[in-house]
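Next up, some structures in structure tokens.
Here chain A shows up in two complexes: once beside chain B, once beside chain C.
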Partner chain A sequence: METNQYIEVFLDESREHLQAVNDHLLELEKQPEDTSIVGEIFRSAHTLKGMAATMGFEDISSLTHKMENVLDLIRNDQLVVTTELIDITFNCLETLEEMVESIAEGGDGKKDVSDLVNQLEAIEKGEQPASKESENSSNTVETVTALEVDEYQKTVMDQAKEQGFQSFQVTVTLNEDCMLKQARVFMVFEVLEDLGEVIKTVPSVEELEEEQFDHHFSVLLLTKEEAEEIRSKVMKISEIKQVDLSPFSDRKIEKQENNQKEGTQKEKTQPEKSENNKQQSQKKQAQSKSIRVNIERIDRLMNLFEEVVIDRGRLEDISRKIGHNELIETVEHMSRVSKDMQNMMLTMRMVPIEQVFNRFPRMIRGLAKDLDKKIELEISGAETELDRTVIDEIGDPLVHLIRNSVDHGIESPQERSAKGKPEEGHLQLTAYHNGNHVYIEIEDDGAGINREKVESKAIKNGILTEEEAEKLTDEEVYPLIFSSGFSTAEQVSDISGRGVGLDVVKNTIESLGGQIFITSTPDQGSKFTIQLPLTLSILSAMLVNVQKETYAIPLSFIEETVMLKNDEKMFVNGQAVMDFRGKVVPLVSIQTIFEVPQNIEQNDKQDEAVVVVKKGDKLTGLVVDNFMGQKEVVLKSLGNYFKDVFAISGATILGDGSISLIIDPNALMKG
Partner chain B sequence: MNKPSKVIVFQLNEEQYGVDITQVISIEKLTEITKVPKTSDFIKGIINIRGEITPIIDLKDRLQIGRSEYTDDTRVLIVQMNDVQVGLIVDSASDVIDIDEGSIDPPPKVIGGVSETFIIGVAKLKERLLILLDMEHVLDLDEVNEIKSVTNES
Partner chain C sequence: MATVLVTDDAAFMRMQLKDILTKQGHEVVGEASNGQEAIDMYSELQPELVTMDITMPEVDGVAAVKEIKKINPDATVIMCSAMGQQGMVIEAIQAGAKDFIVKPFTSERIEEALAKAL
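Let's look at the complex of A and B:
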């Protein structure tokens, strides 16, 4: 069976449902009495089971099936929520996630789940008779599902009868292992519509299309054919297990009503079921407002739009040159419209950081358990949006940093009470927008960074000499923990401390065009601040001239531009520096660094144009010949052919079609 | 090695060279080149080919047979190799011809000052010889980067 085309949808939805289960489990742990939460979990697990079975991932479906059984007991108040129970469910969830990820990576999603299944069964068996009863009751409900008809359908039936049509209730049961139920349903419908007219289905057509049924569904059919004829035709479709036909009449409705009154259990369960359906359909409505678009398509759209941005720049140039008023107006209008478009396009790629943050509560819970620490995680600003590419990359660094904080930062409850702090450690995860950047902060109220340990380790690793170490400020010492091979934890645990993490964190963040800062106070905690650019491909830049060449410097790095008089330039140890608001700032000449050939005669120039760029607290002045102005440019990679060109992050195409290189000020910073 | 059957003929110094037509995307006139600092000498910089940033190589410099002087005849062959699009500066690009596989000889040690590593073979035409270049080798990234790292260290 060809199911490949559904894999992506399956993966996406599975992840969504697993996330939902995760969230609700955490909630449930806080309020174990709330059975409505259990209901939510049950629904997600159920959908997951259905999808996995359709796709043929049996291990997932068998595990979710057992989870469902247990959850069902809880829902029916036959089982009390305990920590062990939640732990096991979390274990199941983890296993499920692993399986889903393995499928995502092209695996078969197979995993030995017998252990977990046994555990779940053990829980289930604790209340064996009860569980059987509930299963029975649900069975009875399902088989009795009869068709109810409204007034309109009744009239249709009456009219049909006059014209010699008979009405049948056709109940079709599919094979248990049927993979694409939706396709089978479709085939059944095609056959039935050939034979007569389908006027009602249970469940509804929408639900059938979304495979929201177990293995059977009923149809009310108006036809002139004989019952046997219908049965044999439907049975010809493969993967159909059984077809039941019974003549439909008003009497049946009455009977069914009686039935309902008699069976108290049914009455109990049925409203619940319909309530479920209602909630589901409400959910559906909310979802229908958004569509899934393949990220590749958006990327392609973005690429095309970049071309438009380039042409826009070109048109602006040309219209200015020609000076035709109407042309200028039109171009300006187009510029405004395309700027709006650009913003829209960017927001399309934006995803709330919630996606990344979501996995942390459970991680913290697990870590705290493993380490015997008490930790409270507070998340704010989860709705902050970031470029999809950034979201994909930022997860791992954050995991590292959080593990770091939990492992090294926050002390054990004993230590904490000895220090007079509350036993429960506090971890704050914050995201917010500021200007062209997004900031993510991870703040703990733990022990802070031990300066001496960092120093001695740095000296041992040969990063620092002892003399240097004495001169450095705290702010200069802390970033040393990002150098490779660095771990100040005395004991290497399996959570962190192998010293491979933090330098990778820094590299990843810098490769995204971001930066990371640390502040820390002994015994009060540390704060890691990550600064990330809002978008990666279109950036505001300052264009500068160096001799005949044009370079672009990203605005996000620029602190200020200065015209420097010749006599304001000073030299310290042979290094040119300038005085910038009381600070000594080293000067770097772009012309020298990039070996730009001298083409223009320099007639005893009075002033030098300096772009002051900033990284963290460090300032550096880049000496150029002229400022040309600010422009939105499209960052284009230099391609594979150039690898790691020094201090160049890419190129952009200017309005006149020429290319200018984009400077990466990070590499030009002088310490 | 695949012997080309339809080749684009171009000129470097006095010699005529050929390159498999399937590897060539287009032939462009030379526009202004933006230099990229601190790269190998034979990489002249980048140009804009319909919105694509394309590195430009002086083919003569790459083959170590001198340097190009830019004239009106100077052309840029845009070639594609392993997902990399690169422009090659040549003195002129004149012709597209069919070559019979039988007329191709294996490369001699050195021809026209070009070492054999860059050559697939030599095609004997009626009155002239055509040197068929091995584009994969000319654009070999590893070798290019090797050269680059040497220049960076110095």
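Let's look at the complex of A and C:
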């Protein structure tokens, strides 16, 4: 159990850091001279190294160690950032990700990293000796210049001296693999405060508490004890590598002034550092406000809540029947509260789509390199939130569509300039909320879909006959690329185009209750729009009566409801249609489709109740007997014995305990 | 060599610790699977050293340290902690724990902790 928990934290944090490295590398590529970015990457690599080493994943730690060395050289201006260097770092990152994922899947995280390590070593060797020396000297400078006392502290020291106290500068170095440094520092302070009085620390106490230091820190200690005594007592604490003691006197300060050269250098870098630290600590605070909860627990909570929603429905019904005022009030209040609860619970499961989008900049960069194309990726709406289960599933389809766009959509720079387009292709990735749906769009300014090619391929595959092909509109031809065994690219490439994918993409999206649409203009580009439901289990639905039965139609599909007069009903080719705002909309009778027995006398009704549902641009009118109203319903599957029931997506339990089938309007769309 | 009481709710961790300690020549005189057991067994066995996990059912490690310190103010307790329990570790040390080791532990680290604590 313990080790399991541990590995989850390790994996989570590793992923976070790898993502940070990824982001910063992309930034660095744009601004190679910005060494503060290198510092960030260094920090992440360093943390990874520490974590991996303690977990015993040696390959990860040895690779990150080498990365750290190289990054350190850049940070100290001894190495210049080149594209080659960034490429190698990206390769390292990829390898690290693979290793981390292999651990996540229960593997040992082992991988041959010697090649990358050699490459990094080669880079590092260029200026190695110089770096070592300067590192050492800068270290000593740091510890000496570190302790400066202000007037107040000086007075304290002077007074203490009169009372027989000595001042020591104590520099404690922790073991490099020391974990929980804050606790360790706490132990050191406990010992020191036992021996005397600490009047100053570098870095500051706050920084020490936030672990904003490498492995050593200094304190100014007033004590009556001997130096040896102090050293041995501090050394008694575990994970302490070294304790340096030196008597502290004003002479030191003078000496410091001699060292002013280094001092000013130091000063220059210090404000920057502290600013960074501030930012870091702010980040940390933001982080500490969230906790990790296992998704299974939230799912369980959600399941329990679904039961509450069903009972809520029943209570509402019962209280209405009884008509007791106080009961009604209480039930209404409970309904409101539980609706808020429901919203909270749904948002708990929501994660920004950023998680998925994050990996695309690098993917595009790699693809563009491999294919010799120039591509600019623009992402917007990354903060759009989606249900966790959807997020987990949507990654692969998106990867596929993007690869498709990059490989088949966007042309090579030569072709593009021949067509009079800018050499750099543009790929736009957008996510946004609309009503009960989330939309994700992938838009490129490439060649567009070639209708003739799609047609001929479809005819060849036997999906279409030539006569049919002639009748179809562009909008009807394009979706054919989602049928299985389809690839219109002339050459099968590594990136995409084995024709085993777009049908999988479509299936995945549909299994999530979503839909995918294509629009395309030759030579101007194509746009894939994915429409996804916000949540999967609780939905708002319109309850309708058909004879004695009650059906639920998901609100997200409903465009409008109309009462249709008998003389407004028309027939085209034997198909009942209606006029809906100037559009001809086919009518489908639910009673006919589900063969609902006629057991209520038809007393020559004047009006017919029609629910207009929408899928993409298509509208269809569902004819029912009565509208009953809107209700939150819990979608329950019909179970394994009733798979694939036509036009039924599930069932729900109503307030009065009866069962209502939920209609899947997708299947009822006409035309 | 010391007599040790090992406390951890995970049998796997107790096994691992016992192995390491025994190899280093110590004698594991008892194994407790929660804080309350550790407190009871401490009075009964009077071990020279106690290793104490932090997150445990019934009575957690920090509370157990406090109780054991009440029984014997000179008791030597070493905390076993996972990453991210810094606050608990500090609380335990304030309560009188001598040292802490971070999981997953190495034999060397345990050796160091014992050598320094005893």
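Just so we're on the same page, the second predicted complex is superposed on the first by the 460 of 671 C-alpha atoms of A that agree within 3 Å, B and C clash if a C-alpha of one lies under 4 Å from a C-alpha of the other, contacts with A are read in each partner's own complex, and residues count from 1 in each chain.
Quick note on the criterion: a contact is a pair of C-beta atoms (placed from the backbone, for glycine too) under 8 Å apart; a residue touches a chain by one contact, two chains touch by 3 or more.
Note that the coordinates shown come from a computational prediction; the quantities given were computed from them, not determined experimentally.
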First, second, both or neither for A:60, with chain B first and chain C second: neither
Which superposed partner A:96 touches (first chain B, second chain C, both, neither): neither
Partner chain(s) touched by A:37 [first = chain B, second = chain C, both, neither]: neither
Chain B versus chain C as contact partner of A:593, first or second or both or neither: first
Touched partner set for A:657, first chain B, second chain C, both or neither: first
Partner, of chain C and chain B, that touches more residues belonging to chain A: B
Touching partner for A:639 - first (chain B), second (chain C), both, neither: first
Which superposed partner A:199 touches (first chain B, second chain C, both, neither): neither
Shared contact residues on chain A - chain B and chain C: none
Residues of chain A that touch chain C when the two form their complex: 1-3, 5-6, 9, 51, 54-56, 179-180, 182-183, 186-187, 190, 236-239
Residues of chain B that touch chain A when the two form their complex: 31-32, 34-39, 43, 46-48, 51, 53-55, 83-86, 139, 141, 144-145, 148, 152
Touch list for chain A against partner chain B, complex: 306-307, 310, 549, 593-596, 636-643, 645-648, 651, 653, 657-661
Of chain C, residues touching chain A in the complex: 8-10, 12-13, 53, 55, 81-86, 89-90, 93, 99-104, 109, 112-113, 116
